[in-house]
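One chain, chain A, appears in both complexes that follow, with chain B as partner in the first and chain C in the second.
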Partner chain A sequence: MIRAVGIAGCDQDKLLLHDGKKVWSTSEASGEEWIAKQLKSVADRDKGITGQEVFGDGVFDFRYGPVTGGVMEAGAYHLYTYGERILCVNIDWSYKHRGLESSAIGLGVEDALNVAESVCGNFAFSHSLAMSRAIESALAIEVPSQLRKVRIIALELERIYNHIYAISQLASAAAQKVMTSHLQAIYEDLLRLNNDFFGSRFLRGFNGISGTAKPFNDEALIHLSRRLGSLSDRFDYLYERALESENFMDRLHDTAKLDSEKAEKIGVTGPTLRATGVREDFRLQDQDYEGLRCATSQMGDSLARMEVRAEEVFESVEIISDMSGELKELRDSGSAPATDNKSVPDGSGSGIGYCESPSGLLAYYVELQNGKISSVYAATPSIFGFKAIGESLVGNIFTDFPFAVESFGAYFADAAR
Partner chain B sequence: MIFLYLSLALYLIGVAASSRKYLSYWTAFAASISSLVAGISAMINSFSSPGCSIIPGLSISVGLDATSGIFLVVASISFIALSFYSIDFGKLFSRKMAAWFNLSLFGMTLVMAAQDSVNFMIGWEVMTIGLFLQILERKDSYEDAFRFLAFGEASAMALIIGFAALFLSSGTFSIKAGVTATPFFLVMVTLGFIIKMDIFPFHTWITGSYSKAPSNTAALLSAPLTLMGVYGIVRALSIAGYSDWWGIGLMAFGAVSAFWGAMQAAAERSLKKLPAYSTVENNGIILTAIGLSAMAGASGSQPMMVLSRFAFLAALFVAFSHTAAKSLLFMSVGHAKESLQEESIDNVRGIWSNVGGIPAFGILTSGLSFSAFPPTIGFVGEWMILEALFQSYKFQGNAQRLLTAFAGILIALAIGLAAFSMIKLIGYTALGPDHGKKAHRFPSLKIRSSEVFLTALILLGGIFSPFLIKILGYSNFLGGLLAVPDPLLILSSNPIFGVVSPTMFVVVVGFLFIVPYLLYHRSAKKARRVQAWNGGQTLTEDEYFTVPAYSFILEYILRKVYRTKETRMGYTAEVTNKDLAEYLYEILDKFVRRLSYLVGRTIMNGKISLYILYIVIVFVLAFLL
Partner chain C sequence: MKSPKWWPIWGLTRRLTERTGYSKDLDVPSASRIFRKSLHVYPIDVGNANDLNFDIRALQAPQYNIHRFGIFFADVPRHADVLLVLGRPIEKMVPVLLETANQMPGPYSIVSIESEGENGFIGREVGVDIASLGLTNVAARITNYREPKDIIAVLLNLMGKVN
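Let's turn to the complex of A and B:
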């Protein structure tokens, strides 16, 4: 049996497979050196970015973390510097490693979904969705159209609140106090909206295999669209004001710049890659996202990443509105509601599930034995996001740090699993 | 008079006794005490030896008046501390060092005792050569020693020309007050003296020489040697009298130099180069004060004469504080450097626990004095110069007002930057965390005794500065107000402009802070001590904030002035700065090399006829001049 040993991020090859003796990749790239590099990358992903050092008179390791005011989670940035100028970056997220992939082994599929949701609070639904898709693929379960649309609504809600949160963090770093307060108010309203419609502020416990785990009233979606439209208008007003603030723009412009070549080499996806001008979004491959406008920007800096996120907020609001309409049509035509959670067969097999999380491509590889999880591997966007942070910070100064980090939307919990 | 003779004789005996360096340094110590007594005597009563006629028209003599007495006292305090320090410290160096040490002290004493330009120049050259030979003590110091010598001889040449001009205008070699002087004399001797004072742009030799020289020599170079320059300027002022244009010139050079020295010190990372640039800054402040005194004195009106006297008092105080504090700083830094065998500030961290509390306290005290921290004597001196400059509105001319105001801005900036650099020095070396480096132990009782002596002097000199002012004869700048009894209040003008009382400061601080602290300490439970929070982990050796990092932001903002260059090559990176003044000498160096090449090719190219013609022309020119 061929098994996955990892999902690396270089040369856009995400999956490495092995049979116990040999390693294959899903790309044409090969060679022992390439494979060794990918395997090392996979092995190192639990620790972080290590091993890079700069020497010289006065150069020292400015450790920021693991328990520091400016770092929200338990993790440490090692910024090598001779004062202000960042010369090289190592990032240690091992403090946050919980071994969740191992703990999922032996669990039933519904319990495994709970574990996936626990990886990272902000991306709970994305993890759950990718895992469920992997399981459904392994068990060859056909997902009904209505469920696919409901899942899209939840995924886009997650994208909206994450993007609003990232922008509020940028505003906070730039001491835009009024804007930050307003954005945080919108963020709070979005979490309440999640709770009202999906029973959880962070969309947990809603998704299931071949159905939703909780009852879902799709008739209420009209209210969701209306409330979301109001929040979108509030955000639109704030965003326009933000773009007029020279002070704010100055902090983001040219900060932590990443070009498309570097971004692709790192393997980063999501808004970070799209902010370098690359039109890549997993949703483009999804037939349910027909007519998706993929927001891109050219500059590759923190401002570009914020612009992409803002555009995606508006796009997601439209998607939710469209999906709500389509669900209504399906309901009117008598289709079964998405809440019909069919029983999951105790089968065996392996499968891969993807989804475009708010910060980029999220992939799960699962193996099932008689309905129990026997192997899981998750490739999370934050691993590549942190690599991009490390790369883009070089040459910047300390004061650029929060504007760089917050613009990537990477989380230690997501990277460390 | 006898003490002056005794002092000079003992220095010469010290030179002769250098085969036993222990004895030689003891002799220097005895000579220094003798010169201190001579200086104190001169402050009470001037004295002079009878003239000794060498050739017709040339009579030489030595003696001391009140001015040279004050400078001799200040210098002798440094001599006493340094010679006592060298009894132990000198064991680390060769026997010749003891001879050259005595020789340089002899030269400096002779400079201050000289009553004529011939004796003055003999003392000047002996001092320069003695110090040059001391710098040569280290094997790799040839280039820096010769650079020092080049500047020293440039200074000597300017002085010789100046004194020749004085002889032409007055017909005498005497350098006493009342001799007729010309502006040319004043320009040339000022040039000669400011070169010795390390004034911008004549300071570029200091970084190499100070860092290469043994620390007792570095202290001599920084404190008493530059004091000779100050003395020379004051002597020139007493000969030529107050003049407006001269004051303006001194003030401009002084203020720029103070700012430049402080700015370079702020970015410096070497243990001895930082104090070296601090010397540039302090001498700039002294020169500014003398310039202000000359400018105010030139106007002749009563209020301006008061300002002139106060500015001169400020110059004396800064000169005194600089001599004492810089001697102490180099002594303490040298003690740590030799104990830890390290050159950079980064590598001598933890002096307090590694080397000892006394050198650490020496660095702390001298650093606080340079940072104008009350109640040190440095605080009093720098308060005085700022108070004097604040009175710029008293000048009638707008040009003088503007210049004084700008000088005030530069001096204030210099004092701020000096505090920045001294906090760096103190914070990293004296109070920095111990990195577990093992200190090399050597006999240091006399080293520590000298450090304690100067530390006490800096603190007591500040606390009792009103009494020093009284001794110096400036009682009109003392008074009392409200609860401060007369004469504990220092007045910056009369009628009152600004006041300060370091004595009362100590009383108040003692009462409000120290006494409550002691009472609390007696009754309080034992304090629980924990490590400072560093992200939840103990700092590893490579995580400590480095010295270059401390000042990088300043260097980056002023990168055009610092000529900051960030270099990254593979896995190595560094930041370098370059003193702009060095470009001047690089241009000069290129010019001289090209000229040498041209002369060598066209005249001294082996053609005997051309060479003879060249010799004849040079001979005729020399004869005519």
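Let's turn to the complex of A and C:
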């Protein structure tokens, strides 16, 4: 039996189905042929981007991964080339497929959040947040504003360290040794800051349903804002110098270009889409993010993506500072702290949860029966990120490869689940 | 901050390295005395949730400054003395891991790292136990990994540098 459920803001290729039984789509298209196409896309979803080939004089498949110094994660790129120019790209992430969606079935809601956090460690909080929003929507739980604000702080911290990581990887690829070391120092300090305030370097195990799972001291927020402010100043200083370095800028400028039309067709979101001039961000729909600037850039190349990331770092620091102030006001007015984890009702139902992860829109669809998970579907940003990498690499040369891959912020763990 | 013309010189004058000691006596035997001065490490991802990969990058941060101990990252297993196995191997990565271990030049050691809570979810376990793969030279297994200091402590033991 195939059933369609509408998910706002996603096109037909974006959210497909689970176990070959269900289709999620906003598209009005229907019919057996359309459904067969969707089923095939889902079957391919666990494998990667396959089936594209180029033939010609001296063209061969250059396989890069899963064990190589250049690609940290277990996954393989198949680059079709005659020696220098990349003609076609297939990407295989099946080495990383762990079947985590099916692992969550039968679990209670708190355990299911742990599974969601294990999908991709560097997006752990985004996954946990999207899953918890889906569960809260399924069980019709109202989230107190205190908790919403604490969650925003954690989500923005995740965005900051991911963006700094991506920029440090770009600097490293361009052999900017001093810049790389300083960015890595900031990155390590950010991870320690996560550990000091949220009890985990990667913000794991903090989020819960209708309350935080770990106690959270909001009186310490003033120290968090202060430490973050000094890290942001250090980053600002480095970033200004980086933009003056012609060596660095030349490597990023015009590399792995993607225009807005192609980006929207692929379905990619996040900094990649915003770097093509499209002002799209799920946070714009969120009332708690009032007055979000939403940084954009026009060129659609690696440089534009780095600019968007850097702007977002500064904006996230401001958001965290604002949220800390608002939390203090709430506390002074006598609201209950976000740490009170109320008991979760054993209900049934289905719900969808979204979140703007550091690399784009992340969505979870969850079905519950008597308080246990009966079905999960995750639409992760990296699947679309890899499609964009494949599209944009064509025509570039081998040495552009790290600048393309690192600027998109797509991860095998996130795509393969 | 005023920007000097040669700002990388400014960068080189910062002192970011920590003075904290990382060495701990862990009962991890050194594979050879030749590792006392330098140890080359190759990390292989066998299906972890990516947080271990991110922590390996953090390990290269100037705070730790692992080069002062003589620890370096190699680009290929052929140049390495230690194979860092990151995560719990998933089925498709098992033959890849065995072949990588096969490519290591002797003498070598294998260190397996799994982050806390990765040992399997309630419901079903993901991946296989590394002990069942019959790998030789497994010098240490960290099953409750928390931060990069844990890795440095094991590597210092492998070099025979314990205070």
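In this section, the second predicted complex is superposed on the first by the 380 of 417 C-alpha atoms of A that agree within 3 Å, B and C clash if a C-alpha of one lies under 4 Å from a C-alpha of the other, contacts with A are read in each partner's own complex, and residues count from 1 in each chain.
We adopt the following convention: a contact is a pair of C-beta atoms (placed from the backbone, for glycine too) under 8 Å apart; a residue touches a chain by one contact, two chains touch by 3 or more.
Just so you know, these numbers come straight off a predicted model, no measurement behind them.
Per the definitions stated earlier, placing chain B and chain C onto a shared chain A by superposition produces no clash, and the two fit side by side. When both complexes are overlaid on chain A, the residue A:V54 reaches chain B alone and has no touch with chain C. By the touch criterion stated above, A:A140 is placed in contact with neither chain B nor chain C. Looking at the shared chain after the overlay, A:V67 reaches both chain B and chain C.
Applying the stated contact rule after C-alpha superposition, one finds that A:S103 touches chain C and leaves chain B untouched. Here chain B and chain C are compared by how many residues of chain A each touches, and C touches more.
Of the two partner chains placed by superposition, A:L284 touches none, neither chain B nor chain C. In the superposition on chain A, A:A175 makes contact with neither chain B nor chain C. After overlaying the two complexes on the shared chain, residue contacts for A:A220 are found with neither chain B nor chain C.
For the pair chain B and chain C, the least inter-chain C-alpha distance in the overlaid model is 5 Å.
Residues 66-68 of chain A are contacted both by chain B in one complex and by chain C in the other.
Those residues of chain A that touch chain B in the complex are listed here as 53-68, 76, 81-85, 87. For chain A in complex with chain C, the residues that touch the partner chain are 66-70, 72-74, 94-100, 103-107, 111, 114-115, 117-122, 124, 165, 168-169, 178-179, 181-182, 184-185, 187-189, 191, 195, 201-202, 204-205, 237, 240-241, 411-414. Listing the residues of chain B that touch chain A in their complex gives 269, 346, 534-537, 539-540, 542-553, 556, 566, 568, 571-575.
On the side of chain C, the complex with chain A involves touching residues 1, 3, 7-8, 11-12, 14, 16, 43-58, 60-64, 74-77, 90, 92-93, 96, 100, 115, 117-118, 121-124, 126-127, 146-147.
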